[in-house]
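In the two complexes that follow, chain A is the common piece, with chain B as its partner first and chain C second.
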Partner chain A sequence: MAKIMLDVKDLSTKYITRFREDVYAVDRVSFQVEEGKSLGIAGESGCGKSTLALSLMGYYFAPLHYMSGSIKIEDREITSMTPDDVRKNILGTEIAYIPQAAMNALNPTQKIIRFIEDVIQAHDPSKTRKDIRDMARQRFEVLNLPADVLDKHAVELSGGMKQRTVIAISTILSPKVLIADEPSSALDVTSQKMVIKMIFDLMHDGFIRSMIFITHELPLLYNVTDDIAVMYAGQFVETGSAEQTVFDPIHPYSRGLMHSIIVPEAGTRDQKLEAIPGTPPNLKNPPDGCRFAERCKFASPQCCASDIAFSTIGGGRGYRCIYSEDRLKEVYAHA
Partner chain B sequence: MLEQVLTNSIAQGGLCLSGKGVTKIFGMGARRTVAVDHVDFEFRKSEVISIVGESGSGKTTLVKMLLGLTSVTEGDIYFMGQKRDISSRKKKHDYWRGIQAIFQDPFSSYNIFHKIDAVLLDCINMRGGKGLPKKKKVEMMAEACSFVNLKYEELTNKYPFELSGGQMQRLMIARIFLLQPSILLADEPTSMIDACSRATILDMLLNLRKDIGMTIIFVTHDIGLAYYVSDTVYIMERGKIVEFGGADDVILRPKADYTQRLIQDVPKIHEPWDFTNRKARTAVFV
Partner chain C sequence: MKGYKRYFLKKLLWFVITLIAAVILNFVLPRLMPSDPIATITNRITEGMNNQNAVMQIYREYARKFGTDQPMWKQFLIYVGNLLKGDMGVSFQQYPRKVTDIVAASVVWTIALQLPAILVGWMIGNLLGALAAYIRKGFDKVLVPVSLFVSGLPAFGLAVTLLVVFGITLKWLPISGGYSYDLLPSFSWRFIKSVIVHYQMPFWSIVLIAIGGQAIGMRSMSIYELNADYVKYSRFLGVKDMKVVGYVFRNAMLPQVTGLALSIGTMIGGALVAETIFSYPGLGSTILSGISSADYPLISGVTLIITIMVLTMSFAIEMLYGVIDPRVKAAQSD
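Moving on to the complex of A and B:
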């Protein structure tokens, strides 16, 4: 049995806004990521992907609040740790988190090597500048990043190089889990591919041991991750292997997403794109029962009657819908 | 195939917009940038044409020249077979009756203090509908809204910032529906929009061509989108057109190295990137 690097059970978190309103952005999310594997998170904007990424660090600060559930990194529960403890013993070494647009947040007056010193010394103040430089040089070399980047400022780097550098800095302490939130969305395709290639190298060389990758671009997710979770209005509505989710989705929402895929491949021009009508519900006041029901072609009154459980169906697959898998398949066949 | 596409489009109509040696140079000396470098193009009536290239390749600069928002350093632009003349304010305004644009950020090209119905009303007035009875104007606005799947009654009295990006971009298309230009320039109209709502916007753009016969020039960095929407594709690399032709030819049988690279590097689902080893794992499904 492969080791479980990240084990999340029924995690719920919320924002409390300035106006004292609760926004239930992550609702009872459960999943596992094994060593050497990656999980992709798909879903339209506002569904809670970034909030989940933030919540997974076990490090909560206003307006984000922990509600319930557990997060274990290789058997170590982190939701009960103090923020100080998380900062010292989890961030960087256990989990590396690359927020959306991280590459544009680099302080422009600082050389790249200084960021690396910050990361390493926060964890181990005894390391000298020389140790750190050697370590950085070595890591950059393995990752095919030019060593002279270390003495440059962020503004001197191209977008793609900046993003690869950010990832190299964040993972310098070889964390068990890398969480990357839309790391390549702002880049041209060639730079994007290089970023992804570097992430594969990190995994292959054991510098990261598992990954959560977030994007609303399904073809990208399909290329990058082993498994895919489809998120809708704060909940996981389907999980499975990348192949299953893309080519054989179960949940009506996942199926809708897969119908929006546009790639430069034969067949694209003949496909009928099917947009999902309507907009997601407001997370301040999520509807009872299925959150997708009001946009679902196949919904019936029961869908809104009571909470819908997440059913697991073996082979790592699961979905959140009152209909059985067979029933859905049948409905799709006639759709 | 290319011949066939071209023959078909000629059958549909003649040239509506073309250019010879069109060039734009910014700055001088060390700061000199050739943003658009001697490009030739021929866009035909009722065609959907894509201009594809990475960021910085000169797409927006070309769009601005075509719209007359920035000067042309060298070369000529022809509109409806005639050399374009926008030398006076009046001529420019006449030109804009025939050619309009929507941009990446729908909120940017927009007066945020203007209520939504005022925006649509302006379009009717611009088309010479000023004297129409109020009832007729409301009818026209409602029709435009329904064309893009928005409800007019829900929009009246709202401000643009009360809409989502997708709704706002649809409103911009409703505007175009009312203005009825013969050519629409769409510069990255879906790149700030979620992959999930993208299909809706694309379909609405395509309906402008289908229902009104509008020529659509679709500018994008996404070669997959270009393939999905267009009859003809122009590939732009560092200010130059490196390849053009029918969509199937350019995308499925690319000739230029640059086009080949773009297609290789874009994530696909039937031919995943080689280094991901995904091919081996997908055998069951493909």
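Moving on to the complex of A and C:
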């Protein structure tokens, strides 16, 4: 049994808007990531993927607030730690983050090496400038990044180079968990491939020990991650291996999501694309019962009656639906 | 680095072209004023004389001395020739005092008043603005309306208000001059004390207005920068909050540096108001008396000094900007 690097149980967080309204962006999310494994999180825009990424780090500032639940990184509970303790001992060293907009993630008036100094000294003030430069140079070399990037400013780098530099900085302290929030969404396919290859090399070389990969591009997830979780309106609606979730989805939303993708292969032209009608619910007042019921072809009145539990079935799979797996399969066969 | 050098040379060329244009305008414009300063001087000197011939003689003598009997282009060449030797001519009104002496005596007062006032106002304003952006809450709610109110006040309005309140009603501070009338400039304690007391009102009338404008600008720039992606990213890598605030402050400062250059550029405009109202012995008062007596060499001299100060400042800022903001440098080198 592999070691569990990240264990999240019933994590809920919310945004408090400037009009003092609560927006329940992450609702009772649970999952585990084992050592050497990667979890992909899929879902449409606004479903709470990025908020989940921020919530996992145990470091909250307005308007995001922690509500309940536990986050354990290799058996160490981080939600009960003080913010400064989290900052010093967790961020960057245990869990690290690659932001969605890596293009703007670097301070425009600072040389890359100065920022790396700030990051490393925030955790270990005893490191000298020379130590840090050697360390950074070495790591950049391993990752096939030119070392002269260190003495440049962000403006002097190309988009792909900026993104790869951000990845190198995020992982410079060899975190146990890496959260990549759409690290490739602003790049062309060639740079995308380089970036993804780089992240997997990091895992392979042991610089990171597990990973969460967030994207709205399902084909990408299927190709790169071991497991996939499908998120809808702040909740996980289905989890399972990448293969199962993509080719044999249980939840009606996952199924709709998988059917709405075109894969550029022979015969695609004649394939009919299915869209999911409607829009996601407003998370200020999430509906009772199943949050997807309103848009679900197969919904019945009971769906909205009471809270739907997340049921786990064998082989690491789970889903949030009132119907049983067999019942859903039957329904799909007739659809 | 080659691109940056070319940028520097291009800016230097513009600096010289602007300076030449300014010298020509500084010479021509005062002389287009509809008055005859030589006649004014002659009248003053020959008061009570009734020998017309002698008066004409004196008039011609002065015209010859000041060169006003020559055609304009010749006068200009002589002016430029003298300028290159560092000679700005002789004042008509304060004859035989040299313009360079008059300007040298007053420029010190103006710089000593304006530069510290602008710098202090700029620093306090930026500090308050950054704090308001960082703290928000009550501090922000008080600072914004107060800053808006103060920066909206016209310079003369604030100066006169200060003068009435502290000078006339409360009688705490003297209402005019750079020092007491009964003193001569010296390095005595009494003189220095007198200068400091006279300094207060003109100084604060400039500082207060500067604070308001700078605070508002810095506040909105800081709020914008605090929401930038690099702030979030740095925090999530565990970088200390004070360091992150340092990044934000530096980036928010960039437009403020331009603001500082601009306010130093308009220093003399501000000087005119404060110096006139408080009868402060600076460039503002000097140019005002020069204009009222059509003292061409004095007007040209003072405006030339102002032009050089403004040009040098903006040149220096443009050069400095490339050093403090790598993005600008990248653009400069293109």
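Following the convention adopted for this analysis, the second predicted complex is superposed on the first by the 334 of 335 C-alpha atoms of A that agree within 3 Å, B and C clash if a C-alpha of one lies under 4 Å from a C-alpha of the other, contacts with A are read in each partner's own complex, and residues count from 1 in each chain.
Operating definition for what follows: contacts are C-beta pairs under 8 Å (C-beta built on N, C-alpha and C of every residue); 3 or more make two chains touch, one makes a residue touch a chain.
Fair warning: this is a prediction, and the values are worked out from it, not measured in the lab.
Residue contacts after overlaying the shared chain place A:H153 against chain C, while chain B stays out of touching range. Of the two partner chains placed by the overlay, only chain B lies in contact with A:F247; chain C stays clear of it. In the superposed model, A:E217 lies in contact with chain B only, and not with chain C. When both complexes are overlaid on chain A, the residue A:A333 reaches neither chain B nor chain C. If you count the residues of chain A touched by chain B and by chain C, you find the higher number for B. After overlaying the two complexes on the shared chain, residue contacts for A:A275 are found with chain B alone; chain C is out of touch. Once the two complexes are laid over each other on the shared chain, residue contacts for A:T190 go to chain B alone; chain C is not touched.
Contacts of A:A122 after superposition: chain C is touched, whereas chain B is not reached. Contacts of A:Y97 after superposition on the shared chain: chain C is touched, whereas chain B is not.
The part of chain C that touches chain A in the complex is made up of residues 228-230, 232-240, 243, 247, 250-251, 254, 324-327, 330.
Interface residues of chain A, counted against chain B in their complex, comprise 44-45, 188-190, 192-193, 196-197, 200, 216-220, 222-224, 242-243, 246-248, 256-257, 259-269, 273-277, 279.
Residues 54, 57, 59, 61, 87-88, 90-93, 96-97, 99, 101, 104-110, 115, 118-119, 122-123, 153, 155-156, 166, 169-170 of chain A are the ones touching chain C in the complex.
Considering their complex, residues 54-55, 149, 164, 194-200, 202-203, 221-228, 247-248, 251-252, 261-263, 265-273, 275-276, 278, 281-282, 284-285 of chain B touch chain A.
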